[in-house]
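Report on one structure; see the data block that follows.
We just call them A, B and C in the order they show up, numbering each chain from 1.
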Amino acid sequence: MLFWQMAWRNVWRYRRRSLLTVLTISLGLAFNILMRGIGDGFHEQMVDNSVRAGIGHIEIHRAGYQRDPALLKTLPDLPLLERVAPATPHLIGCSFRVLGDGLASTAENSSGVRIIGIVPETERTVTTINRAVIAGQFLDEQMSRPVLIGERLAQSLGAGLHDKIVLVVQAADGSMGAQLFRVAGIFRSGSPDLDRGVVYLLRKDAQSLFSLGDGVTEAALLLDSSESVAAAQRYLASRLAGAPVEILPWYVVEPFLRQFIQLDDAFFYIIVLILFFVISVGILNTVMMSVFERVREFGVMMALGAKPRQVVRLVIQESGALALLGVALGATLGSAATILIAYTGLDLSHYAAGASALGITTTVIRPELTSQNVIVSCLSVMLVVLLVALYPAIKAARLRPVEAIRHI
Amino acid sequence: MNVVLAAAVLLWFAFAAPGAEAPDALTIARKCDAALKGRTERGKAAMTVQTPEWHRTLEMTFWYDYPDKTFIRITGPAKDAGTGTLRLGSNMWTWLPSVERVIKIPPSLMLQAWMGSDFTNDDLVKESSLPTDYTHRVAGETNEDGDLCYRLIATPKPSAAVVWGKLVLLIRKADFLPRREEFYDDHGTLEKTLYFDQIRKAGSRTYPMRWHMVSHVKAGHETTLTFTTLEFDKPVAAEIFTRQNLERRF
Amino acid sequence: MPQIELIHVSKTYRDHVSVRALSEVSLTLEKADFAASVGPSGSGKTTLLNLVGAIDTPDSGIIRIAGLEITATPASRLAEFRLRHIGFVFQSFNLFPVLSVIENLAFVPALQGMPKAEREARAERLLAEVGMGALRDKRPDELSGGQQQRVAVLRAILPEPDLVLADEPTANLDSENAALLLDMMGRLNRERGVTFLFSTHDPAVMSRARRLIRLRDGRIISDEVREP
């Protein structure tokens, strides 16, 4: 208790130096929290965009489809799936689709395309593609053989609204399927892959084109947030146990996305490491100075009977006090900054071109503040400060009273 | 005197004896290529495609005017009858009777299967030439089903627009007809094997009338091409290889 | 039993050059002695104090304090020994700047484990006894040099050590404050029987000592008992 008192008072003894140290720690921590928040917000956005562009939070296929897709690998036991999937916890929407590949052709040009057969009503609840339509309209069950194509595909095929496009595919029975479709709408999703290589048909038209009968290739589920994936997966796995299906979360369907996030996180940690290193150097300097200035005092202390480890404790407690102040201030500043920017949003439209290459379509980022983020950052900073202070503390404890007392 | 005579006889045998000199690899390749292709070809064939899930047989009539003109018309079954493929140089079109449209096959799809078979668009178009686009060496001889064959290894030249890493051909020593062609990718993996059999007379030539392609990448996928009639080097009208011909209602 | 015993004690400092600080010194002090060791710089008087105070260890010889052989005590236990048996007064900078007078006084009892109420009560009584109660809550930088030294003495005797060692305690004081300091120490010695050993070259201190030990070149050259 006595040492705590001394430690605390020693902090205020060197007022300016302490203030500077506290400021350094707090700014470093605040920066850490804010950047982490922006990073997390950014990643959540990316995941959200991808998920809503088509992959959903969870995809269900016949087992083995992901590894080796084939037209004939349609969903087994469709009635069971149509009962189970819509009752998934945290579900916002569920869509059953037909997937295949083929050739889209006009008089001008041909292009290989992904063909997705959808039911417009349910598709709306799962993806945002209907909001990306820039000309014409989204698919409607009343239309006759409509097709929805991306802007870039429209350009390369030279196809405009209401023009006819031939879709040629290899059907499920091996024969060549070819049908004419009329362009009902053109979309701009912002993702080059979608805009250039995907066409949407009414599911019944796709089934007819591919000679699939009632077959459906996948069920895509949209949840309220990516945090709910684990719970939804558990539910589906238990209700669909025994059925030859694969239940895939978004990061298995699109591992690139998660890998990118992990890579990004790794870069962030490197930056944080460098930051901590810089802060450590500053603190080390401060603590060493304050120890050096008090060599005589430590000598007297030890002559009077204080044990070396008590001296270590004193120095560590001083640094600990500085760290606590710095962390308290830093956590407050960092959290406040994160909340403020989350409210106003971070507009990255300057970097839109690069962003769309990564599949990001909205360019306003809202940082996230999580208690985990804040707590981990605070603890890391405290740990670093205490570790750094250990060196001068031990040096102080190793002083020989005889020499220390003679020190001026 | 006897020694001189004996030496002379030996020398004569060494140089003049027939068959003492094996042909070099390039010659073998040239002769094989020439044995398989005429200046022009026309005929009828049946192609059966087999997969674990389905099998189908297509009947077709075809015309070739080497090196760069091809025309194929599917004559059966009814669902596919009327479909046509025209190739002029590096361009390829297909006529689809069901939608009454011609579609152009872009270069990016040249490796796609033709009509679901194990032959690709590229195979059909036969743009690459064995003698000119590859370097060759002979790696011994084997017996393929009673035929004594050269084993020819063809490696694509760096400038050649060829998708394979390596081809291995078993070519009959007697008439340079191929018995087998193995297709390897860039990593040395065997992707598919083409067997040639039913070798008999077709017009003025001896020819393998059955070509059987087996895929090693897709289990259970095989395609068999059987020629029912085949004529070589007869004149083929130029108007066959036109878009109008392609679009003609069959 | 003598309070302090030194038997053939030697100490050499190996710095850039070897210096024989003490050479085969033998000495005995009794309880309540009021002794001064005197001599020029380098005579060994500070070394003598350091060794007696167990903040340094001799190269050879035996030292006993109140019967305890500190030369046989492991180095790790010396701090504990000092805590319980020795009081120190240094030439200057004795007090901890962040603690008040009463907290400075209570420092050693705090290290000994005495609870706060008790140790502060004792400190207050001692301050009152010498009439310095008003200084209780002042910080050292609010005191004069003389006041600081007197507080240092009080701090040294509060835990009732076996002996108090003072290394040139009057060196930085004017003659008036020096006298006040010596008065206090003399009184404590007489009234409580606290043993004092100074090292000094201040004649004022020498004149008050009842035992004068002269050192030169690490040896005792004279040791007289006198009436101050």
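Convention: a contact is a pair of C-beta atoms (placed from the backbone, for glycine too) under 8 Å apart; a residue touches a chain by one contact, two chains touch by 3 or more.
Model, not experiment: these values are computed from the prediction.
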Any chain in contact with chain A as well as chain C: none
Central chain of the complex, centres being mean CA coordinates: A
Furthest chain, CA centroid comparison against chain B: C
Centre-of-Cα separation between chain C and chain A, whole angstrom: 68
Distance from chain B to chain A - Cα centre to Cα centre, in angstrom: 53
Chain B-chain C separation of Cα centroids, rounded to whole Å: 111
Chain A-facing residues of chain B, complex: 49, 51, 53-56, 79-80, 83, 94, 96, 98-99, 101-106, 108-109, 112-113, 115-116
Residue ranges of chain A in contact with chain C within the complex: 1-2, 5-6, 9-10, 13, 296-297, 300-308, 310, 401-402, 405
Chain A-touching residues of chain C, taken from the complex the two chains share: 50, 53, 55-56, 79-80, 82-84, 86, 88, 90, 93-94, 96-99, 103, 107-108, 110-112, 116
Residues of chain A touching chain B in the complex: 72, 103, 105, 107, 109-112, 166, 168, 170, 172-176, 178-180
